[in-house]
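Got some structures for you, see below.
Shared between the two complexes below is subunit A, which has subunit B as its partner in the first and subunit C in the second.
Let's turn to the complex of A and B:
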């Protein structure tokens, strides 16, 4: 552009403006802090024991990419249809939206994604079996399935030994149909098999399959779960009409109808107790749950307790069984003692203490005891190190016996939930891979977690959490059909729109729009590029970012 | 009032003209909003402040009902509102904002920027007294304090004039490339409903075609606007702005007469005269006080007093020629200011005096201060002033405070018309 020279006022333009772009003036040198794109962890993904990348699969849902969203979940969890239904969703307890209005219904989105892909068999298979080592997994519950699936994806041939006639462990035999329909479980087990996992059913290690059979494998993962009910340790426990919760649910899930009378009590406060009680209702009988502490100490998922109450399950708190008495071999009375709450025990909950002379009896004809489960480890041939009733494992899930790993409810520190078993399987697979010399375990430095006050809530008007479609109580208790429904496409979209997407960039263009120096643009791949020749480090982009996916860092001072 | 009288009044007020689409009984704020709709403004950015709020409320309704295809930008301050309008206007869009009092004061820096950038932004300012003490009522200190920013300023007498002036303003602004502020009195107009003729869109479109920007931001051909320039050219840029304001006088007159042809209503350009035939004593004032003065003038005329009235419609550019011409015809000019410049006098008085110093004929000039902070200006107030003018050969002081509640005589520094003119009119 040529040189302009104005000699008179008449020649001048009305406004002073530069003759060409001022881009050649590198105002970036004014900067002492620099904005960068830096993604962080959302509290939900940290809260998810399976480590699902929730913001990323939410973004795929937001864009209608349901298959890709499913694939994203499958990286961490091969059973989203299961966990979308039965998980106690600790992710939601961590959600930053909770303190703002209501936490995101993450488990409903997970279930939605799984159900959208119910007929989809197109899994992302990483490759053929490029690793020569073979691995055995004992038990096809969530821990075993998760471990086998992850190992197959890493290129190993895996065989699962399952003592029952069908795979799934507690998912199949412990959880009632109305919470987890079998077709969902079957579909996802099918998905896992499609990755090349062999499941050998009716194969009980230490029974029809000798432990020595396992010697041909390079590694073994023991995930037999906790299937034996703990005893109440009271007189009369062997009377007719007394079931364990596990046994009762096992019968039901095998398509049989265990005999229950008209005066049914369930003892315990965990998920097994609630599952048993709600199942009794569905057999057309009334039921009372007896629990030795109060509602707030119940280990069952709070929603399940609420549902049970809505459906008509009665609760009696602060009572414990003292004795069962029978009539001609059949249970007819239960003697109970009143409790009060004392000092906190090692679980942090206040310990129940019996109140003297508070005994009373109730007439009963059916007692279901569900006070906890323990693993059956009688098949283990030589002395594994144990902690209490469980197999001792270190933080790498190693039992101490080279090549033998264990996880889930049969190993130390279980919390008795599906998702923690899935986590154990996934993490054990990484340990096994490492044990076989394949890769280092580290995923890099842990990322920062986005705090609620770091969200720019200006961008998020208050919105109600999605309302979960549910079968009416009247009809739900007359059938074992699934109670809760899958949310609709529209509901799913609304719910993912509510998500702050903490720490994950959604390419919302807020940074680009607000940059006063037009120093942010998008490259061909749609990623943001900051022109540091012109960014003055004002920080507006970082401040405006709705979801804390950017950060300001100090420039290093260079003395020339 | 009989049917024929009603129709006469309607005709007189331009409500029966063929350009009229409908007549709505609306507040002054809404008259402004309707004008913005008809002007097909493309960007609106405003921050709410009493008593301007109605302008923006109505506009937000109009935009959300898609009666106007405009970008409505919510902002965090008046400073940002004006910044948005500047950005929009420099991109070639027709932009609008509205404010009042403290909000206008907060915009001050950007008022210079808008005018210096020669952007035809139109703003409605609802005149409200400056705090402290807090007041939400009318006087004109807020807008008159902005007189040197390079904005054209109009003061409206009625809700109809608000609507008509906004439409005229876009045409004037886009012709001379200067921003325009249309002022209306708080509550007296802003919150008072009057019948307002809403013109037909197609007539407005003929009158006010799409904006053609002199220059605009174009990413394909980048320039930095409002760049730094040295002493060798700054003065010339100021001269161009000065000249644009000079040119505006003729444009304002021409646009008003064009408007009159299309819509049947005229406001005289920079000033409007009333009962000036053979008038010897004339009162100059502006805004709604003019309506009140018309009543007082009618009454005094019927009693045979040779009084007349001049409405100052445009304060910038100041009606220099009109006032000098007026000076040739009358003996005394009173100026009633609804404002006060501390350390000087009322501002219209001050400017009038300045205009007359080099004039060939210089009648006696009287400066009155009235109606500050929403104090009512009634026909009695105006008659007090005319009486003072009739009874005094020269003012007793530079500022004469009308209706001041004082136990003492406010002289000689400040004369008091009520006590001086009519013994029967006690201070209110």
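Let's turn to the complex of A and C:
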């Protein structure tokens, strides 16, 4: 305006005209609600026991940053190649895309990221020990490995004592090769070692290593797992040809071939039972799984049950063993009783009730019993408090004996899943850090969780879930080679594109696109800035945000 | 396919601080039109919401020259400005008239019809909020059947159907005619940019929701526009030379009820009224499908905008202009 100064009427233009921008008018004063960027938790990351930040590592995959994605997972879980294969993925059950079309194949993306970094040894941090305390971990299963890894990253020197000749615990000796190849496990244990964790194998505490050896440590984490099979408590359990599931898989994983006959039955409905049955197929024999409830109550991962069925494992539901009879010390017959489902028990599943006079017998020559595992705590020098068959721990994983913590299947993890063991290790490491005085107790308020109805599904056209490449059934049952394959780069990208990334801003620009007041822009770092001098608080940005990463908050009334 | 993302021209020509109500569809229309046309543009505005939105003297929000003209005169003023620019040897600047539905369907109609018949060389954008909004929500011939306005109160809501302005303009055989929505900004900008390359009268009819006039929360502006498109109340089209129809977005065909239920101006409607509206929408949709099928047969167009051959239309438009104007 400055350059236009009119002194006479003749100098003035024929029409009134405006030269100033309305930018000088602070229309932000009209506003009574204010849009803000506020990220929330996705249900999958809450559903993941290990607490992996799924939307964030998905975003890295989306941008082709596979190494950074791997580093992101490693913050919470040092074994993504393992969990990407064997985890029961409760995250997917929580996925907001589930009710819309099909949940995201999160565990396949996790596996993809791990396998992309199979040759990558460049972990975010290698051992630097700025803390003087030393910590011992008993057991190198997932709980022990997770705890040792987290402690090493926090700057502690950690030694793991492992009674077996090789580390890994149940990951090595309880899961068959076709589901978890040993090279994957070895690689990830190598990664953990590279963080400065020492693993002392062939060292059985209470055996060749005295318990007093541990007195030189400032804290101990007990994670010995659940390695002894529960008994069926029927006559004839000691006959030849009767194995426990754990024992059977241990033999196989040690490179031996346990002798099985032509009429094999597996008793139980958990993952050990399914693993044993599918292994029997791979030894060239037919097999039937006997389970006392129905398919829907089976604790095994549903995909595993399907795979087993596809490969030719037979199932007999609602039957329980009553007696095993033998012929010259070898098992020859199994007597079974039919069951029906009664009232729900404490696990929430309907309890099996025997049907009177429904007994029948089957001729068998091999019986594998896999009805659950319990920890073997005979090595403990003095009596710890127990809860059932497990070590009692409080919510900080403390056993009550100062400095001694416990977690995983031997203490906290009755379902015996890998990912819950990883969680126990991670959380125990935090407790140990607090116990040793390096970390103040934190109680940050939990973030809100995005609900399915809060997603703006317009931005997500329906698309099918990725199909997992798999070995053909006829070739898969003749070998212990891995059955499921890693998805391709293209498949991984398609799958992460399907992800809503609930509560996490992906800088999709929708907020900026629809602002009628031109009040949203990006700063040099690419972050959104809201011009509150002009934003009228219409709320379109918040309403249109595809993934609920924004919120409208009430303006505080200011009396002037 | 993946997630829907928009990539719009980055330059912001419209300024904040304008006087539009929160959640205004007409303002988003202006923002996208300016993004698509760039700074070498003259805007002509008759009496309409934008006469207010642009700001009080000495302020202006548009960021390009704006000529405020009388209610009935948008098309004739734009014709005159274009002729003036041509006389000065400026063949580059785009002239665009941006008018509300009142200034297009009713009061400005004879000027528009005349300009269309003469095939004047400017773009006419109508941001249609379906009533005279800034004067107090009086009915216009763009107000839909059954809607409340201050002059069609709920005990006698509007009994007539909305004027089919697209058909009226198509009957003028203008080279390019399109419908657009603020909820589909990529589609709208593509159409405005296409219009910029064509000579002669180009008409773009933009569905622009009005939170106070339609009685809904401003945050739902985009959602409501989207529902209008997806329920086939307002199909997204292009018409070349008044007879070559193309559909640019295949609507999902969601129930019209969902669209109506979100707005206070339709709250008084009974189920039977809603059924009538649904029937009207279905009939119009069938009619449009017939025209699309005919276009496909006669013009061999494939009914998809994006693979559009704009050169053909450009050549057609130019050949009709012939000697009358300098060919750019």
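Throughout what follows, the second predicted complex is superposed on the first by the 537 of 560 C-alpha atoms of A that agree within 3 Å, B and C clash if a C-alpha of one lies under 4 Å from a C-alpha of the other, contacts with A are read in each partner's own complex, and residues count from 1 in each chain.
Here, a contact is a pair of C-beta atoms (placed from the backbone, for glycine too) under 8 Å apart; a residue touches a chain by one contact, two chains touch by 3 or more.
This is a predicted model, so every value here is computed, not measured.
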item: First (subunit B), second (subunit C), both or neither touched by A:388; value: neither
item: Touched partner set for A:348, first subunit B, second subunit C, both or neither; value: neither
item: Which superposed partner A:19 touches (first subunit B, second subunit C, both, neither); value: both
item: Which of subunit B and subunit C A:446 touches, first, second, both or neither; value: neither
item: Subunit B versus subunit C as contact partner of A:461, first or second or both or neither; value: second
item: First (subunit B), second (subunit C), both or neither touched by A:540; value: second
item: Subunit B versus subunit C, judged by how many residues of subunit A each one touches; value: C
item: Subunit B versus subunit C as contact partner of A:437, first or second or both or neither; value: neither
item: Touching partner for A:6 - first (subunit B), second (subunit C), both, neither; value: first
item: Intersection of subunit A interface sets (partners subunit B, subunit C); value: 16-23
item: Residue ranges of subunit A touching subunit B (in the complex, touch as defined); value: 6, 9, 12-23
item: Subunit A residues touching subunit C - in the complex, by the definition given at the top; value: 1, 16-27, 30-31, 458-461, 463, 494, 497-498, 508-510, 513-514, 516-519, 521, 531, 533-534, 536-540, 542-544, 546, 552
item: In the complex with subunit A, residue positions of subunit C that touch it; value: 1-6, 8, 12, 14-25, 27-28, 31, 54-55, 57-61, 63, 182, 185, 211, 217-223, 226
item: Residues of subunit B that touch subunit A when the two form their complex; value: 116-118, 177, 214-215, 222-229, 233, 236-237, 239-240, 244
